[in-house]
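The same subunit A turns up in both complexes below, where it pairs with subunit B and then with subunit C.
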Partner chain A sequence: MSNDIVLDVRNLRVSFGPEETRLAPVDDISFELNQGETLGIVGESGSGKSTLGMALMCLAPAAQNARIEGSIKLQGRELMGLSADEMRSIRGHSMAMILQDPMASLNPVRLLGDQVGEVITAHQMISRDSLKSRVLKAFTSVRIASPEQRINAYPHQISGGMRQRIVGAAAIIGQPQVLIADEPTTSLDVTIQAQYLDLLKDLQREMGMAMIFITHDFGVVAKMCDRVAVIYAGQIVETARVRDLFRTPRHWYTAALIACVPKLQGEAKRLAAIEGQPPRLVSRKPDQPTACRFAPRCPAADKVCEQAPPETQLANGAMVRCWHPREAS
Partner chain B sequence: MSEHILLGKDLVKDYPVSSGLLRPRLNVRAVDHINISIKTGVTLGLVGESGCGKTSLSRLLLHLEQPSSGIVQFDGHDIWRHDAAHIAAYRLAVQPVFQNPYSSLDPRMRVGDIIGEPLLNSALRKDERLERVSQALAKVGLSGEDARKFPAEFSGGQRQRIAIARALAAQPRIMILDECVSSQDVSIRAQILNLLKDLRDDLGLGFLFIGHDLPSVRYMSDEIAVMYLGRIVEQGPADAICHQPRHPYTQALIASCLPSDPDQAAQGAPPKGELPSPLDPPKGCAFHPRCPLADEICTQIRPELNDDGTGRRLACHHPI
Partner chain C sequence: MTRAIITRCAEALIALFLMSAAIFALRRVTGDPVALLLSDSATEADRMALTANLGLDQPLLTQYVIFLRDALHGDLGRSLIGDRQPALDLVLSRLGYSLQLAGVALVFSFLIGIPLGVMSAVHRGRFIDFAARLLALIGQSVPVFWLGIVLIFLFSVTLGLLPTSGYGDWRHFIMPALTLGLFTLAAITRLCRASMLEALNSEYVKFARIKGVSENQILIKHALRNSLMPVVTFMGTFFAAMITGAVVVETVFSWPGIGRLAYESILRRDFPVVQATVLTMTLLFISCNLAVDLIYLWLDPRMRQGAK
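Then we have the complex of A and B:
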């Protein structure tokens, strides 16, 4: 794997609301994504992970006065500040997205082939014949049987797993460099989920694209990702290579999230649930530091955690944001 | 604590499907000759893919649908032959918790009224009812003040606690938990699973725990039944099913599970294809089109669910 950075995100902040009491579901997030790599973004509901995914496509939340700040560089090109037209030429073409609910991503009254082909016609003039052959190729690459018939079908005529594969076809038909997948398998059955994740891995290998995988499930991370960023209340609390993260999570939140997944093998031990809820959004100025946001649920929290925790850089490009990181054992 | 038992004997449920005015009427067999027993103090897990009939089976057991044939017995009595008073008692003794706490709680009722509503059908006085409501709230870790609030004021995990409290207020003996953690985040899921486990042990309840996520089902269950296209294909002690599956379908389900860490090698391959249409089920063993071990006999003769001599029931011509 070469170490060319495809996507470089610096100090990304998404906020909305009136100026005096702005809320920031994504609060000062920085990371980079390398060529061919899969980065997992893991967090609970409300941690800001989906807002982050949309913000990477320069899509601000539909809220009053919403704003995206910071820097997003796609292969060295700054996306912030591009015009709406310029941005539209990037979405679906250089960067594509797969969302959670395929029924909501597909238009129920349009043919599947037209919906997938639209991604191409939005960006370029192309003859009907070559469009059709590209759509058929995309259908075949997501393992749709008898694509000739399926391009003339409607979303309700196919199963949920197949629908999500069509959404996948629309995402990859433009041969994007970066694919953002936001909980793409949450609405699928376990067997279909396994098939779909294997398919995404194969597609990534064939096309050499980089992926950002947004999920709450560490099982998905273990199966799919090379590197992981754990996000809590709008901030990255830990990044590490996936093996290091599972072997020695340094942040208490990461360790707790891993421990609360039931396992199939070994002894059935009582799950170590994280008590309490993720915090609600609070308003703060960008330059105003806050206490560690996980402290109220953290077993290691003490007085010093009322100060903003430091970002400690570790070996292999890992980072932990904690006053009392767990031992590296 | 006295033992109670909910039995389904040879249950069949057909749903008519009419595909047009002049077309023949077809039946979908959602539940196909299932025998099942749920006892107090024990959790039976039920796993299978969407559309395999898990929810249809739970609706038969809850007295929400009448079986096409077969009987549901509670403490030895056929619930479809009960008089009204017995049915009212049955409805309190066997309580459901559904998957989606956004659609299972009335958004315009206060939480206290939601939890107390099943008790309106009982002989309890109002003050007794309110007492039960506050006890139930306490058992699921919510405060008495929460009774005054509306569901919209709670998060998904708390809503599921409210749904559990509503079931508990009836002082049930048996609870039927249909995918009750499937829509929750992992961290909230762990809280709910631990809560349910504690409640079962403290109150001596019997659970039917329905899910498609095998690790969660294993965590909760003493015994697991694996369902495929309306039938149970394998049933046995939870750890035995997960560690040494004998039915190829069970093995495929396990292979589909996500690894618990990146170094865990995948075991076998997930099943090919999707669940066949129950309108036109395959001949012979219903799993044969997706089964790696299928041969001639599997396409012709449907295997019966029999005791395999090691404490589990199995329906397969070529067990592993």
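Then we have the complex of A and C:
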């Protein structure tokens, strides 16, 4: 089983700011990702999802004194502590990432073909012809019609859906083992969204990639993911297989989130909401565990929740970080 | 693309035409040239004769058409002073000196301003950033004439290193070019720093990092071109600053260019020469902006599309 683990993340922490009052948007996150698997990472805006995605690429946020700590093992190889150049050769090749806004991800003044081919030329000398054929192949595999013309086009000349497919081409041209998709469909039309998700699934199957899918959309999770990690205020509060998570959420936050998803069946009701606000960024020293972060909004919270909640391992590789997990039905 | 170029050129022609009307109108409101030309003892008949001779008895519109026709034939009237040389010849004989000075000043301000702005952005918050911002602040707040006088005092009078004024070898260029270019240099540094910071914080730079592109390549291939676009946009304005600045700088350093010619002609109330100088400056201005537009078409593919 352990041979199948592509990515093993232990106690990952991203923090920034002055030493005394450091803020940690990602705090003590651990998970593993298996070969060919899709792991969803779900959470509200500001819960640290995107920072986590960037941290997995060993890219710290552009903030004062930013630091990534912990351990990220890619097929057994520790990434933390690699030199900048070694890490650069991992990016785009062993691990790739797709960002949310395709218009912003592409440089407006450079040709599409160059921006995709850059992944190759950044690391190796390659003849013009073989570079072109690889770029064309990448364009074809993301279903770009007439790729010969598109490589010489600029981002403003193509549609939003096609732009995101170009971004996808840049992500897969290096044949990564892990693809991190950070809300790749949020800025697309609904119909284009579905197409794009299908495309990602096909690519994953063809290339045998493992995928980390960052989203706030449970519909996308149900469609795409095998397992889900729910993240709250920079910490994973629950991990489970998608089916189990939807059927019996063990963490109160997960249950509340799922209750917020509007249903098609039944009578139309007011949309459910979770009372209160998520904490902004949480500041603490690694050796100073604090109370459960969801406690102020939790219906089951009591005195014991002022202590740091334990990570309880459950059946089927699931985990819940709670003193009073909900009953499995 | 061809169409975009033609559009830009047509726009430049329209601007030039409108400016000629403004210049023509300005000359009409600066007083009666006949009163200026004639001596105090001139009779009413002399006055009428000169008015007819100069075409000033014609309707205004006719006068404008004549003015335009003459201007297109390169005739901008004659100087009222001395041996009454054609105004255009006077301006052209001085133009080369001004262009040399403005050229040196512009190149100097670009060669220093762009790298300084880029380094300031890349090493944000470091010493180089602080130094560049201080220089930019000084450059934009120091008055041109004051800087010129201080430089003369320091390098010519006190240290005796450089000639005080006039046109000559390369040493004559240093102080006037520095004085003329400092404001532009400061503006370019600030502009370049701001646009570079914006580019470096953009999503496409973030995505380039994700793709594994090295920081140097990101700087050259992704950030620089985008951050130069505002600089190019303002190039026309910078050149304008050079031309208007030339009036002061050329006067301070006794530089034989059109700026000093304009200053002298205004003092002598030599209106045809003032008019010819202003028209030449306008022409320079408009051609510069046209050049900027064309460079922009080349730099930014989105503009090519927009002008289709």
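What we mean here is this: the second predicted complex is superposed on the first by the 321 of 329 C-alpha atoms of A that agree within 3 Å, B and C clash if a C-alpha of one lies under 4 Å from a C-alpha of the other, contacts with A are read in each partner's own complex, and residues count from 1 in each chain.
By definition in this document, a residue touches a chain if its C-beta (ideal position, glycine included) is under 8 Å from a C-beta of that chain, and two chains touch if they have at least 3 such contacts.
The structure displayed is predicted, hence computed values, not measured ones.
When both complexes are superposed on subunit A, subunit B and subunit C fit side by side without a clash.
By the touch criterion defined above, A:E118 lies against subunit C but remains apart from subunit B after alignment on the C-alpha atoms of chain A. Once chain A of one complex is fitted onto chain A of the other, the partner contacts of A:V220 are limited to subunit B, with no touch recorded for subunit C.
Of the two partners subunit B and subunit C, more residues of subunit A are touched by B. In the superposition on chain A, A:L59 contacts subunit C only, with no contact to subunit B. Of the two partner chains placed by superposition, only subunit B is touched by A:Q195; subunit C is not.
Taking the C-alpha centre of subunit A as the vertex, the lines to the centres of subunit B and subunit C open to an angle of 70 degrees, rounded to the nearest 10.
Once chain A of one complex is fitted onto chain A of the other, the partner contacts of A:V109 are limited to subunit C, with no touch recorded for subunit B.
Residue contacts after overlaying the shared chain place A:K263 against subunit B, while subunit C stays out of touching range. Applying the stated contact rule after C-alpha superposition, one finds that A:A138 touches neither subunit B nor subunit C.
When the two complexes are overlaid on their common chain A, residue A:Q277 makes contact with subunit B while staying clear of subunit C.
Superposition on the common chain A brings subunit B within a closest Cα-Cα distance of 5 Å of subunit C. The residues of subunit A shared by its contacts with subunit B and with subunit C come to none at all. Of all residues in subunit A, those touching subunit B in their complex are 44-45, 159-162, 189-195, 198, 216-220, 222-223, 242-243, 246-247, 256-257, 260-265, 268, 270-275, 277. Looking at the complex, you find that subunit A touches subunit C at residues 54, 57, 59, 62, 88-93, 96-97, 99, 101, 104-110, 118-119, 122-123, 154, 156-157, 167, 170, 174.
Considering their complex, residues 49-50, 155-157, 185-191, 193-194, 197, 212-216, 218-219, 238-239, 242-243, 252-264, 270-271, 274 of subunit B touch subunit A.
Taken in their complex, subunit C has these residues touching subunit A: 201-204, 206-214, 217, 221-222, 225-226, 229, 299-302, 305.
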